[in-house]
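Each of the next two complexes has chain A plus one other chain: chain B in the first, chain C in the second.
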Partner chain A sequence: MGGDESTTERAVGAPGVASPLSVSVAGRELSGTTALAALGVGFLLFAPAILADYLIQILTLSLIFALFAISVDLLWGYTGILTFGHAVFLGGGAYLMGTLLEAVGTGPAIVYAGLAAGTVLPGLLGLVVAGVLFSRGISEDYFTIITLALAIIAEQIAVSWSSVTNGANGLLVPPARVGIPGVVATELTGVPFYYLCVGVLLAGYLVARRIVDSPFGRALVAINENETKATALGYDTEKYKTLVFGVSSGMAGFAGTLYVLSERFISPPLLGFVQSTDVLIWVLVGGRGTLVGGILGTISLRFFENTISGALAFSWILVLGIVLILIVLLFPEGLVGVVEVARERLRDRRDDEATDHSSDPDL
Partner chain B sequence: MNCLLLAGVDTELVASLALNALSSILILALSALGLAVIYGFIGVINLAHGAYFTVGAYVVWLTSTELGIGFWPGFLLAPLVVAVVGLLTEVLIIQHLYERLLDTILATWGVALAIGEAIKLLFNAQSKEVGNPLPGSVDLVVTTYSTYRLFLMGVAAVVITVVFVLFTRTDAGVRLRAVIQDPTQASLLGLNETRMYQFSFAFGSALVGLAGAAVAPLTTVEPNMGISYLVQSFFAVILGGAGTLIGIVPGSVIVAGFSNVGTFFISPVVAQTLVFLLVVALIVVRPEGLLGGQ
Partner chain C sequence: MTTTQQTETNAARVESANTLLRIEGLTKTFGSFTAVDGVDLSVPDGELHSIIGPNGAGKTTLFNMIAGSLRPTAGTIHFRGTDITAVDQDERARRGISRAFQITQLFPGVTVHENLRLAAQASDQRFNPLATRNPDHDDRARGMLDDLDVDARPDEVAANLSHGDKKKLEIGMALVSDPTLLLLDEPTSGVAEAELPALLEFLTDAVADLTVLLIEHDVDLVLELSDRITVLDRGEVIARGDPEDIVADERVQNAYMGGY
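The block that comes next holds the complex of A and B.
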């Protein structure tokens, strides 16, 4: 896909040439994107100086969920694997960390063990689930339905296994301490924890970007575009799909461990199908297959949810449902796609005026 | 010796267990049949199927409590109301997505969210009770059994049989399947593809609406009650083999039968987890379904 972009970039100016709305948007128009990225990072860095404490709290959790959204975008946006059960891995990581903190201890060594276990074990589980299903060439819709069932079952297990999870009431987790094991240990809350999450999200984004831009990532995109063709070209598509599912599950699990450090509370819906589909809506609204879109979608939708939903009573989900239908029907490329279409239309018009002959916009 | 003695004593228990399992199998088969028409034939992954089930249950709750006209008008009305909901979904949304079927998953999930939330807004989130319209029981020699459940099994069995006959033996049914199997060929023959799709969607929805109405007196009616039926129906269809109507019979027997019996002997959650693992294992071994040949 990286190679495609430069040609598309030039082709846009030529009249009559359709410019296929490429899935990967970031990376195109480097200068504009860099400026926007700088603006975004700048906002995140200065937010604690501008925003009230409770907004920072909302933003902190949004950053954690944005990491979760990136993990889903890797699967869905880039590889075309639609899962309705990714919260199982988020919640799995969260319950691992939560149980460790609650039952074993709250020192730095435990926290690091929790971060590692909460990433590696969900990752391995993801490898097993995807490995079993993909090795038999399960079709896309079967995969989606099985993941939906997985999320429903996981939530039921979390509700009924109350000796570990405290059931539907949820698990209260004591505050964790970070530092150097045996030397320094301090609680990490408020603004310092917020900055930690900013750093983690940026790192997560860079890792995902690196994956996407690598030969491995290009194979994923090839699978997304045409799996039969990718197989014919010699890609072991099962292996790629399984691997990216494992990586993505590990990432989701890691986000789950951070969730616990931030909220100090877990309840079963965290690994259920509602959470699993919320993240799809965040990614869809932001724009799938863009990584940045997932971040934007998560932060903006969660912001609206936390500010507007009070005024709308509990009809926020109704809004989400209708938004979901409208986006699928009208803007399947999401927010980033809308901006991109607008930008190309504008550019087409400019070009038309410059060359002074009209051509079909072809969009 | 001991075993024989136990078996003798428990005939009554075994009989009512078997009847319970059979009634949940037939209910699931009704819902799965609706899905088989929509998913198996048209290929639309309708995640609003569970919400339609819920709507069916709310219709009988409305008529028997809020409107005070009793259970039976609601029982007849539920399939019609849900057929209209299904038809609206097809005309407003699905119709525009036949080019990208996988996106119907997301759009119909949006429909499911919207319906669930609309129900909460209209009738609040508390669970409701629907009174049993046929209280009392029938003496079946080996055991006495709930009249309503027997009635239910009869209705489901009749409806399922009629649908099978309609689709496999009648002219209209054969034509419908022709359209679905080969839209271009069918449109050359002058069959209206759009009409047929709309009819199938409304018809499949009516079946699940009936299933929801039928279950209402046996369970608590609440906004999310359909979700487990959604997943179980999909499993029943996939297990049997999408595209074969008859496949929903073994599919429903496995999914509903095992979870019903398992719930009695072990806990509901463990039973459902085991059924889930079993279903996934079967799908992995035979992705084309038990009866999906080729």
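The block that comes next holds the complex of A and C.
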């Protein structure tokens, strides 16, 4: 009894009382979440007006890595597939784009071909890897170990195959030009490129959001929650896991192509184990299974890294380690969790004030 | 073809017309241990058939093979006249074999409503990653939630439910897909005395028009609900019949005395 009433109550919130984090836009009151999202997007849009050029450069790369983090969150946060090798697909996309630019040409047609190939081929590779492993009924733990092995192998290949990758020295990539093939072409750098990355990240986020909210995405959550049950109910979990791994790999590859356009340099660690674990940390700190957490975690940790590594030289990684442990222990839900808790506290306090001297001992 | 053979074939055809589940010589061995040993079982449409027997008799192993989570060592399973022995578990579920586990298997981190909705969604026929939200799944989840009469709110996370509510939700998730055959494994185990009557009332209603295979320790309940009963002991069928026959069967009493 009363079940539906209480749902409504919870969804609507206390009527007539504005949330402290709400903003009123054109007479419509936006929820706290929408307000925070607007704040975040607003910051990204106005950042070039506030921040120095080198910070915009850092931020640009962070946005690209944030897209990579979203691809990992789809796997780890939503489906429960932990991978220690996702940089293979990021780096794969990067090397594809880099090699095309370096060996074939730098015109718009090549860039578009690179974007497509750098997305589709890593995506297919992901489908094959996951398809083969999951169809053999491999357990999640072994899957993780194998992804780790893949990262080590991929990095080694990049080091050894120096005729293409220039080995451990890395590949210098000439600047790419975008535009209309055969008509107009221009280099895309600095603030315009930054805005492109903002747009791409938002689009990537919306695509990922769309995926996780769809029946397909809900099935991924079911698999993450209890795969035995999901199978017993009729979900072909192998297909779901394989497809999401492919999609995520393609997304990572796409981020890799942007990485090359931004950095114009690739070296083997980009597709290695360390890069693969870095992204796990970004997702963990931001908050797993939230998508937004991946973005928050990536931007804040990379910002943190770039500022304190200057001040603390070699000990910064130690500080970073301690911060990570503290976050995991104190805020297992990540930064997104911290925001949620803060919002609840604020709401509770305001509810207290609204109801005044409540006799409810629970409050 | 002789007349006798003809008659036999016809009889088999008549039988298969309303036989929902037919199991022949089903066997499962784990190493040198035989958990289920040449079990035959035929369940007609609409029957509530109970599988009883002492602990370790092979009841749950039998369920695992019917549901498809375990491949038999030998024997065949026919469902609605087709051989499903080699059909995957998820495919069997989509064809209408639904299962409620003895130890509740929920999606603990999502809401009660979403648990039921996910179960409704799963019974849709194909793997379709581009499918959009189907409001019918929500409606069925809501409808089932009303029938279940759980104390928890629909937006309560499943992990927070009482044991009785978890049991109900487990059964609800098996029912919301509108199954053809329901496998119920110990629906009352661990349910508090006080919660039992309500659960039984719900169960009796819910399974009235269904074909059900029931594993249950509560003998009184089994005798009350069942159309027919199969008794397993050490993987073998030792008796089968309607409740009166089973109560009177000497071997059944011996097996139970031996088992406890």
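FYI, the second predicted complex is superposed on the first by the 294 of 363 C-alpha atoms of A that agree within 3 Å, B and C clash if a C-alpha of one lies under 4 Å from a C-alpha of the other, contacts with A are read in each partner's own complex, and residues count from 1 in each chain.
Here, a residue touches a chain if its C-beta (ideal position, glycine included) is under 8 Å from a C-beta of that chain, and two chains touch if they have at least 3 such contacts.
Please read these numbers as outputs of a predicted model, since none were measured by experiment.
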Q | Contacts of A:I317 with chain B and chain C, given as first, second, both or neither | A | first
(Q) In this superposition, which partner touches a larger number of chain A residues, chain B or chain C? (A) B
(Q) Going by the contact rule set out at the top, does A:T106 touch chain B (first), chain C (second), both, or neither? (A) neither
Q) Who does A:V328 touch here: chain B (first), chain C (second), both, or neither? A) first
Q: Would you sort A:Q275 into first (chain B), second (chain C), both or neither based on which partner it touches?
A: neither
Q) Hey, what residues of chain A end up touching chain B and chain C alike? A) none
Q: Could you please specify the touching residues of chain C with respect to chain A in the complex?
A: 67, 69, 88-91, 93-94, 99, 101, 105-110, 114, 117-119, 121-123, 127-134, 137, 145, 152-155, 173, 177
Q) Touching chain A in the complex: which residues of chain B? A) 45, 47, 93, 96-97, 100, 102-103, 105-107, 109-118, 120-121, 125, 227-228, 231, 234-235, 238, 267, 269, 272-273, 276, 279-280, 283-285, 287
(Q) List the residues on chain A that touch chain C in their complex, please. (A) 2-4, 6-7, 10, 214-216, 218-219, 221-222, 225-226, 228-237, 239-240, 243
Q.
Residue numbers of chain A touching chain B in their complex, please.
A. 82, 84, 132-133, 136-142, 144-146, 148-150, 152-153, 156-157, 159-160, 273, 277, 280, 284, 313-315, 317-318, 320-325, 328-329, 332
